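Chain IDs A, B and C follow the sequence of writing; residue 1 opens each chain.
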Amino acid sequence: MSIFPLIAIGSASLNDEGVALDVRYHLIVTKENKELLNTVNLSYKNYENLERLLPESLESNSLEKDFADKLSVNKNEKLIIHQMQADEPVRDIKDSYLKLYLMSLREAEPNSLNLDGLFATLPNNAWTNFGPIDPKELEAFRIKNGHVFVKSVDKFPCMTDYIVPSGVRIADASRVRLGAYLAEGTTVMHEGFVNFNAGTLGTAMIEGRISAGVVIGKNSDLGGGCSTMGTLSGGNNIKISVGEDCLLGANSGLGIPLGDKCTVEAGLYLTGGAKVEVLDDNGEIIEVTKASNLSGKSNLLFIRNSLTGTIQCRPNLKSVVLNETLHDND
Amino acid sequence: MSIFPLIAIGSASLNDEGVALDVRYHLIVTKENKELLNTVNLSYKNYENLERLLPESLESNSLEKDFADKLSVNKNEKLIIHQMQADEPVRDIKDSYLKLYLMSLREAEPNSLNLDGLFATLPNNAWTNFGPIDPKELEAFRIKNGHVFVKSVDKFPCMTDYIVPSGVRIADASRVRLGAYLAEGTTVMHEGFVNFNAGTLGTAMIEGRISAGVVIGKNSDLGGGCSTMGTLSGGNNIKISVGEDCLLGANSGLGIPLGDKCTVEAGLYLTGGAKVEVLDDNGEIIEVTKASNLSGKSNLLFIRNSLTGTIQCRPNLKSVVLNETLHDND
Amino acid sequence: MSIFPLIAIGSASLNDEGVALDVRYHLIVTKENKELLNTVNLSYKNYENLERLLPESLESNSLEKDFADKLSVNKNEKLIIHQMQADEPVRDIKDSYLKLYLMSLREAEPNSLNLDGLFATLPNNAWTNFGPIDPKELEAFRIKNGHVFVKSVDKFPCMTDYIVPSGVRIADASRVRLGAYLAEGTTVMHEGFVNFNAGTLGTAMIEGRISAGVVIGKNSDLGGGCSTMGTLSGGNNIKISVGEDCLLGANSGLGIPLGDKCTVEAGLYLTGGAKVEVLDDNGEIIEVTKASNLSGKSNLLFIRNSLTGTIQCRPNLKSVVLNETLHDND
């Protein structure tokens, strides 16, 4: 069942020239009047169904006045009433923020939305303790307002400045972008990182980096400083994923998709092109093959033999048990 | 000499339901009237000795009124007068914050306190530029107060929001939790991290991660991005430590306790189960053994032979010399 | 053409004893009246040339009064009028901040300025949402002003709290120090880090750590968590650099200077002392040599053979292509 079409109401921060720097949504409703977000108890119920809310030119609609009274829109802000009929390429900042919201609200899983054009619609903002500021206007703002703390200069904001999903811990909020999908029971430690259009599908301990497009299955553990190869930079075009009950050891790296119950030893970077000795239960070598040929298989343990330096793949006998105390995120 | 019994006076931030989100202590005194902390020059001297301050139900005591006048307790705060008779398991948030304070105040070394039950007593807070906020109340707070910068959603706060120990530098404060023990002369660089119940016992350069329970001896250097295995997650139950005058190279990792004057080569992850060739002064192989069998030994250099891929342990001839200029933290 | 002599006008934050904690420059002008910085449109044009602005004791000069009116200097601040005749060792905080500014303003490349004495002139500050505070005065400030968010306790501030260079993205501002040199088109991701006196000379994707003294050529890509050896700590005295069109893979490390079009495989730490097999186009071993002997050479690919564990150097056939969308930092 698609979440489209939907309507969203929020406000955009504007720079001095009136250009939108971000969009903060307060209400997102589907066609069936299912609320995906409602932070200020905005009422839409007197409208019989969503279709009436979706005329072609919403901004001139009477709706705007109705909602403007309920949303406190400041001088440097603009009321946004935005409809999205279907999952089409991203055309403007209203689209891009709405799609980022949908992922962080757990309404759309990573890799399920059309994100074409996303980057180009996002302005590069200085993110400060006063909200987003156009970098060109920062110095003037500083002179007028005194000390400004700049936490980031980026196209993407931190997720937690817009949404804090239930049942998660994020030890360093600057390392999770809006558009990250974090399932209930996810803990992202200080060294963890989650890009937009990426995340966890269940309880997980994340102390490593989840690159754009990468998805981690439930009950998996990404050790401190571990790396998952992304598709945005680095020239890689294989989508990396980690199945359920997997462990990526500290400072390890992953260049292939993993099945379930797999382990990559601490410190081992498994690239897709690495030749790997595959061993059976008795420790006998069955074959030598590229790691990429083992993509998606389950119950594998990858190590580098500490005496021969050979990367080996063995049947995985140990299973991951996440520490339950650590995952009670209430 | 034990620091218990002790009495501590502070204030708790409350959520809208009156539940404590944190405790900020201002005065901590031992039985012998030794002040472990006194940030607002609270007077307790008119009380002859601590025993008089420790009746069973302190909160109804006249003390509360005495101190309430001296501490500025806001509407959303509650005065805390808390005694701790002995080092027993953690029962509530007053206990847990007091024990975290004792470690960051350098009054109790890591692994010296009973921390059973700690996690369960700590609520998961949104840590903001307005202090801790209950995540469930964040959206309402944002609407009321305008822009709120969330720096973390976690059970543990940053140490420096409560205590800045003397003679330390911490380049990224979000990476040192309250409960970290940082000796005078410690520098934690941007890539460094120190968990609670962990830290340094002397001058040290920390550019890697000190996991919970891990202790680093004086004059040691943890290179950028290096990992020390913790006992909280990952299924490891051996307590890792690093002796004096040691160097963990950049991007290395450590799965065994080290003695003094040891070096782990940059990029090498030394797990306890790794088989290691042990060489003598002449480069002759003496034995092949598991790394865990070398636990706690001094003067060892661990490398991966770049031609054979074998992990080797050699006598360590080079000693670490910390750059004195970098360690003048005044 | 030297930028010296120059004159700079700004303000210093003072602690309660009147000691300067930082210097924020608003105007920096060269002898030829070229403006290197002018954030508040301070007029110097009525002075015929810079020489008139450079008497020996500027602070008692009438200039001070002229500029005090134009700069809003608060009670805890002091007007700074500072001249620098030539690039001599750093004597005080006015010198050190001016040199850090010159690098972040892209007026002086890394390793081009005399930075002797820099560390000793920089006080260790608590960097907060209220600006720099003397750590000794932090507790009193907190009691007076309520919640204070400490983001760092360090001698160096974040660059973006002073300067945001054009055309850059910095996903986590706490990881770029004032004194970093970031060329137009540089993106520093969350895991990236740039120390002072270090940086990029052209478009670059930085997801790893650029240590003090290290310079990255244009069109190069530092993968997530990669390490470049610095000269400040670790006992290394060879200046590391990366040429143009290079790729350091994720979690890799570099201990030698690289020429152009070089790649270090993900997960490989290449120290200078590592013995390396050098292979020709046909995969034949030409020689075995220390990595340091390959310093500065171009078109090299460094990998660890996944079957033999040997570090090998091969001709680099693949060239790096940065994702243009990611580098449009407007």
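Criterion: a contact is a pair of C-beta atoms (placed from the backbone, for glycine too) under 8 Å apart; a residue touches a chain by one contact, two chains touch by 3 or more.
Predicted model, so just to flag it, every value in this text is computed and none were measured.
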Exercise for the section: Count the residue numbers both chain A and chain C use at their shared interface, divide by all numbers used there, and answer same if that is over half, different if under half. Expected result: different
Fill in the blank from the handout: Note to self: chain B rotates onto chain C (CA fit) by an angle, in degrees and to the nearest 5, of 120
Problem - Whole-Å gap separating chain A and chain C, where each centre is the average of the chain's CA atoms - result: 30
Completion exercise
Within chain A, the set of residues that touch 2 or more other chains is 129, 149, 151, 174, 225, 251, 267-268, 304-305, 308-310
Fill in the blank from the handout: Seen from chain B, its contact residues with chain A in the complex are 119-120, 123-124, 126, 129, 135, 138-139, 143, 147-156, 174-175, 193, 209, 211, 225-227, 229, 232-235, 251-253, 255, 267-269, 271, 274-277, 288, 304-305, 308-311
Completion exercise
Given the complex, residues on chain B that touch chain C span 39-40, 72, 129-131, 149, 151, 158, 160-161, 164, 166, 168-174, 190-191, 205, 207, 221, 223-225, 247, 249-251, 265-268, 304-310, 318, 320-323, 325-326, 328-330
